[in-house]
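Both complexes below contain subunit A, partnered by subunit B and then by subunit C.
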Partner chain A sequence: MGESTGASIRSHCIGTTAVVYASDYLNKLTGEKIERECRKQLDGGCRALVINFSDTELVNSIGISILLGIIDIAERNGAQLIFSDLNTQTIELFQMLGLTRHVLLARDEEEALTVLTSYTTQTSTVGH
Partner chain B sequence: MRQGNSKQGRRILGRVTQEEFVGRTAELAQLVSHPAVAGEPRGLLVLLAPLAGVSELLRQTYDELFNRQGEIVPIYFQVERTYATAVSAAIEFLTTFVLQYIAYKRDAPSLCQTSLTLPDLVRLAPPSDHEWIAELVAAYNKERFSDDNKSLVRFCLSAPQRVPPRSGRPFVMIDGVELAAYLNTAVQLDSEMIKTFNRSHLPYALAGLRRQVLEAVHRAGTNFETVDMLRLDRLTEEQARQLIETAAHRQKVSLNEETRDLLAEQFEGSPLFITAFLQAARERNVSPTTYLACEQLYVDDLMGGHLNRHFNSLLEEIAAEPDVRRSLIRVLHESAIGGNRKTPFETWRRLLNAETPALQKVLAQLHMHELLNWDGISVEAGGGPAVWLDYLKMRFRLDVMNEPRATVVAQSIADALKRAPHTMAHHYRRTVNLKLRELLGRFNGQLVPEKLFHYGDFSASYKGADLEEIVRDLDVESQLLRLPQVFHTATCSSFVANIDQFGDKECCVAAHAFDGAIYTAANQVVWLVAELESKLEADRRLTETWLDRLTLFAIHSGFHRTRIWLIAKEGFSLEASELLKQRKAFGSSRQQFALLAERIGEFEPPSLPGKPDEFEIVLPMGDDNELLAASITEQIARRLDFQPEAINQIKTAIVEACINASEHSFSPDRKIYQRFRLESDKLVITISSRGVVPSNLQAQITEQGVKFGELDEASEERRGWGLKLIKTLMDEVEFERVDDGTSLRMTKYLRRTSS
Partner chain C sequence: MQPSTQKLIHSFAALADLGQEVANPGDFNDMVRTSLHLLLGTLAIRRGAVVECAGSDDDLGCVAVWGLGHNYEQSLRLDSPEREAFLNGHSLELGTEQHNHAFTGFLTRFGPKLRQQAIELVSPMVVQGKLTGLVLLGGKATGEPFSAGDLEVVRAMVRHIGVGINAHRLLVQVEQRAEENRRLYEDLRAIYRDTVRAFAAAIDIKDKYTQGHSERVGKYSEIIAREMGWDDEQAEGIAIAGYLHDIGKLVVERDIINAPYKIDAKSSNELNRHPVAGYEILAPIQHPYADIPLMARYHHERLDGRGYPDGLRGDQIPLGAKIVALADSFDAMTTDRPYRRRCAFPDVIQDFRRNTGSQFDPKVVAALCRALLKEIRGETRERRILKMLGKDYINSDQAIPALLELLAELDWEPHSVAAGGAQG
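Now for the complex of A and B:
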């Protein structure tokens, strides 16, 4: 299991799954950092991504639009993507803007990893 | 009577105090020091752009030199419209000269304001000067009865040469030289002045409209090497704003920042228009604190006030006959609204039904005032300041179309009001636009990382990376591009008139250059550079449109070898980047542009009274300051016992409102104004910013303010969600009507949980 912090984005790999940690405020700058980290992990051979929002208190619409871009990137690369550890407010926002139609949400990182493990044999959906 | 230190700052001819005189500090210093420059005394030609204003500058120079009481004796003379002939003007000059000389020698400023005859002045002359002044007046009395007008004019103008060297050196400043063109006489006063003053071996300054002064210098056969020049353009935006503030203060007229900026733009930095407008405001007791009040007063003054009188007398001087004047108004107005503005002289003669010499005189005078260009063969009309064009339109409707005055007034106010936001929007855009021409001019064959011109490659390497990392990488980048040496830049609209319909004209630029600074035909290239308007990465369609547009422009303009460079704020989509590659064009984001600018030289990239329960906060835009706003909002919302969920909703709405304010407004002060009002059952938050109303909001705003529910929710764009979010998170959202920028009012009601 390797770990890197980049400039301000933490991430680590478990097998072919990368867990990327979003910061306390998701805006254009931090969104682009997450996108960069995800691209890096995919280029490095990861086949699944978990974005962990446990530190995220506030999200803005530009940050959300970048998350949609990350969903596109994951799709194009044939990679699975799960968002985990979101607070209620953020979930509401994602629902409001339709993100939840395109990405799986997991209660926490552990659940996300479990889902990804089982996904290798079957397709399943999880949610709150 | 000498007054020691109290002489400093005495107002003698100046209409305003030294402190109130703004915007021409460097020019004032040059004028004051001109007569003291070592070596042979020289003439100074003060060349004015139309409406630039010079009289107060000369009067301030006079006051400064007068108060110094040194060797230099200042003399200020203004050619006036009331002088009928060159002879009467020259005699007036002689009297003014003697009067001001004696006032200076006696240090008696009040004398300058008197109207004395030459015999009176001889009696007032100080003993040390009495003899030569008496001789001068006696000689004049002899000369004035001769039949030789030219000789009399020269005699009067050469009077300063009679001052004995021990009595000081006169410095003559002539104002309004262009008015010499209207004198009904065979003697050309302007040329005679230049000839006489040049022979006098005394310093002098001659101020007037640049075309007229230069023409007079040519006519006088003057060697340009013997004169210095001082070019006066209209005030810069900053200077104009300063002038408006000081003049409004002096006239006791209330303004605010919004209307001050509007007036600075609308009057294009003309001191004459600005002071006329503020004078009208004082006379009519109007406070121009709204766009509406400004435009009503503007139209009033244009219809029958100072502005009206200014243009009326100008037109009467140019075309004395009412019939010719009416035809002239028609032709000038039609030229202003028409497309093809260059017309043969013969066409003008037919349109105005005028004799050739009379028309030549009319055209020469319009040319002098830069209201058109006439080269003796064809006439290029349609120019001039916007105020002049408004005046022409108004006169056309009244005099040619015979429309009722009330209709013209109403429509003119409506037009001016509709134009005001566009004027300001244009100003804001110009302020934040990339300074393309400035940057291109500094290319100068420098080597820069090629990645700065290929957004696709740049994005793949650096999107989301820290600036330090990008700069570090670029420093060691091996793929370099040699920039050309640019020798001429101009807006594309300078070549093809209608290209600026696609955006601000400064956003599309053509730069003529040589690759490698090698001056051969094979190396000659034209860079066509355009700044695209796009919130997101520019897509393929927009990119293709601009590539096609610039390619056609190059063909139309006869540019054989070109290089297209497009710049979009957020760069280009993958497909657009691919297209740029295919078409061998460059594409950069604003970040790449700023990085390039830093590399190639010094360049500056496009960087309320309250109530007890009201809070006001002003935050600068950027640097995640919306987080500060959210944090403050949280503290305020807690005072009303909002539930945590509601507080989070309000915070998110605030963040979105701040982002909206800073992203698209081209705000001049880069500030977000926030007002919080606590009521028993609700929190009302108003977020305002100055600048352009974003296009997605424009439809939302009507005179009453439109409820948010009318927002088009069908938009599938990934940006522009902010408003949708705000609407969902807050209970009431509406726009308040403001002249400049936007003001968004959001309300959240308190829902107490039952205990």
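Now for the complex of A and C:
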């Protein structure tokens, strides 16, 4: 298991799955760092991404836009993407804006990794 | 929280962020890109672009893009009908069947390409009655069509982006004009300096024995001023004052100026009119430097009040006039005159010693002595004073102790080389 902070964004790899940790406020600066980290992991051979939002309290509009961009990147690379550890407010926001139509949500990182391990044809939202 | 309330709060927060972003005078492309990001994130739109009216108002070029690929290019050309419709604030929804007729031509030309790029909405940026550009938006992540509320949010945010782009354009124009004005101002100053030099030459031509006097006084004055800590602007100003200090001689009879003997009282009175005449010539002119006419008027005043034309004393005399006065006397002493040869340098020092405090200001004399000392010792890049005095005029072995002695008498401390400050 390798671990890096990727210019203040924490991440680690488990096999071909990368877990990237979002910061407390997902805005332009931190969003772009997460996007870069996701690209780096995919370019490095990862086939699945988990973005862990356990530290995230707030996501602003640019954060939403960047997350949509990450969804696009994952789709283009044929990689699976799961968001985990979201607080209620963020879940409601993602549902309201339709992000949940394009990405799976998991209760926590462990559930996300389990889903990815067993994931074959599943496309519906898990958890929540 | 109700979804509608949450959506409203999300939109308000985005609008507040957008307001801050467009008011940021930083990098233009970054501002537009971030603004587009904010708009897309507000409604979770997956792709979009901002195209700006460039050159002609009918040609639009891409300035920011998101979700359409890095190499995305979009050039649009507007014809009159759609241009009018956009100017009137109408958006174009490509996803709906019914369209404003004004967009028929636009849809024929660009519709297929825009649909291929999954663009669903084209919203105009109109600022102060002018079309600034268009914002092209893809579909929402929900897959739902744009609601009336969504369109209102888009309109408000697009207007903000338009204001930001327009403000940037105005800033660029203002900067260009400021740069043009700066260049014009520099040109005018150069013309002014050349004109002043021409005047100085004209003044000196009238006096066949003092050719080059005005120019030398200008240069000595500048050197003294810089030694006293004056900045470039002030030093340039005092040089001009030096060039023009004798301009009043243009109205004095040539025979009096060129008399090869000491002139009588009547002629002396006539000659002594020249500071006031100079002031009267220079006062109506708007000079780019301060107090040029006053320096011409007062360059024959003395600290003890025995000078002319106004008999000013001490601090009543502007420092600039005191500098020109010393420069004038120094040049008079160090050049040949019709009725005498120039003074030897020790005699000049002696004259300074005798007249400092009564005729000359001690700080000004000290500044000239320091400047001279530095040149003799080779501490300056140029030897401007020595060049004007001519080869072999100064014997450094004698001059250095003489200057140091005089400076000591003037209470000058050897380490306080840049003493004194600028005054008008």
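Keep in mind that, in the parts below, the second predicted complex is superposed on the first by the 122 of 128 C-alpha atoms of A that agree within 3 Å, B and C clash if a C-alpha of one lies under 4 Å from a C-alpha of the other, contacts with A are read in each partner's own complex, and residues count from 1 in each chain.
The working rule: contacts are C-beta pairs under 8 Å (C-beta built on N, C-alpha and C of every residue); 3 or more make two chains touch, one makes a residue touch a chain.
All of these numbers come straight from a predicted model, not from anything done at the bench.
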item	value
Side-by-side fit of subunit B and subunit C on subunit A, or clash	clash
First (subunit B), second (subunit C), both or neither touched by A:M96	both
Partner chain in contact with A:I64 - subunit B first, subunit C second, else both or neither	both
Partner chain(s) touched by A:Y25 [first = subunit B, second = subunit C, both, neither]	first
Touching partner for A:R36 - first (subunit B), second (subunit C), both, neither	first
Segment of subunit C intruding into subunit B (one of 95-103, 149-157 or 347-355)	149-157
Residues of subunit A that lie at the interface with subunit B and also at the interface with subunit C	60-62, 64-65, 68-69, 89, 93, 96-97
List of subunit A residues in touch with subunit B within their complex	7, 25, 27, 29, 32-37, 58-62, 64-65, 68-69, 88-89, 93, 96-97
Residues of subunit A defined as touching subunit C within the complex	28, 60-66, 68-69, 71-72, 89, 92-93, 96-99, 101-102
List of subunit C residues in touch with subunit A within their complex	1, 3, 6-7, 10, 13-14, 17, 34, 37-46, 66-67, 140-144
Residue numbers on subunit B that touch subunit A, as the complex places them	463-466, 469, 624, 626-627, 630, 645, 648-649, 651-652, 655-656, 659, 718-719, 721-722, 724-725, 728
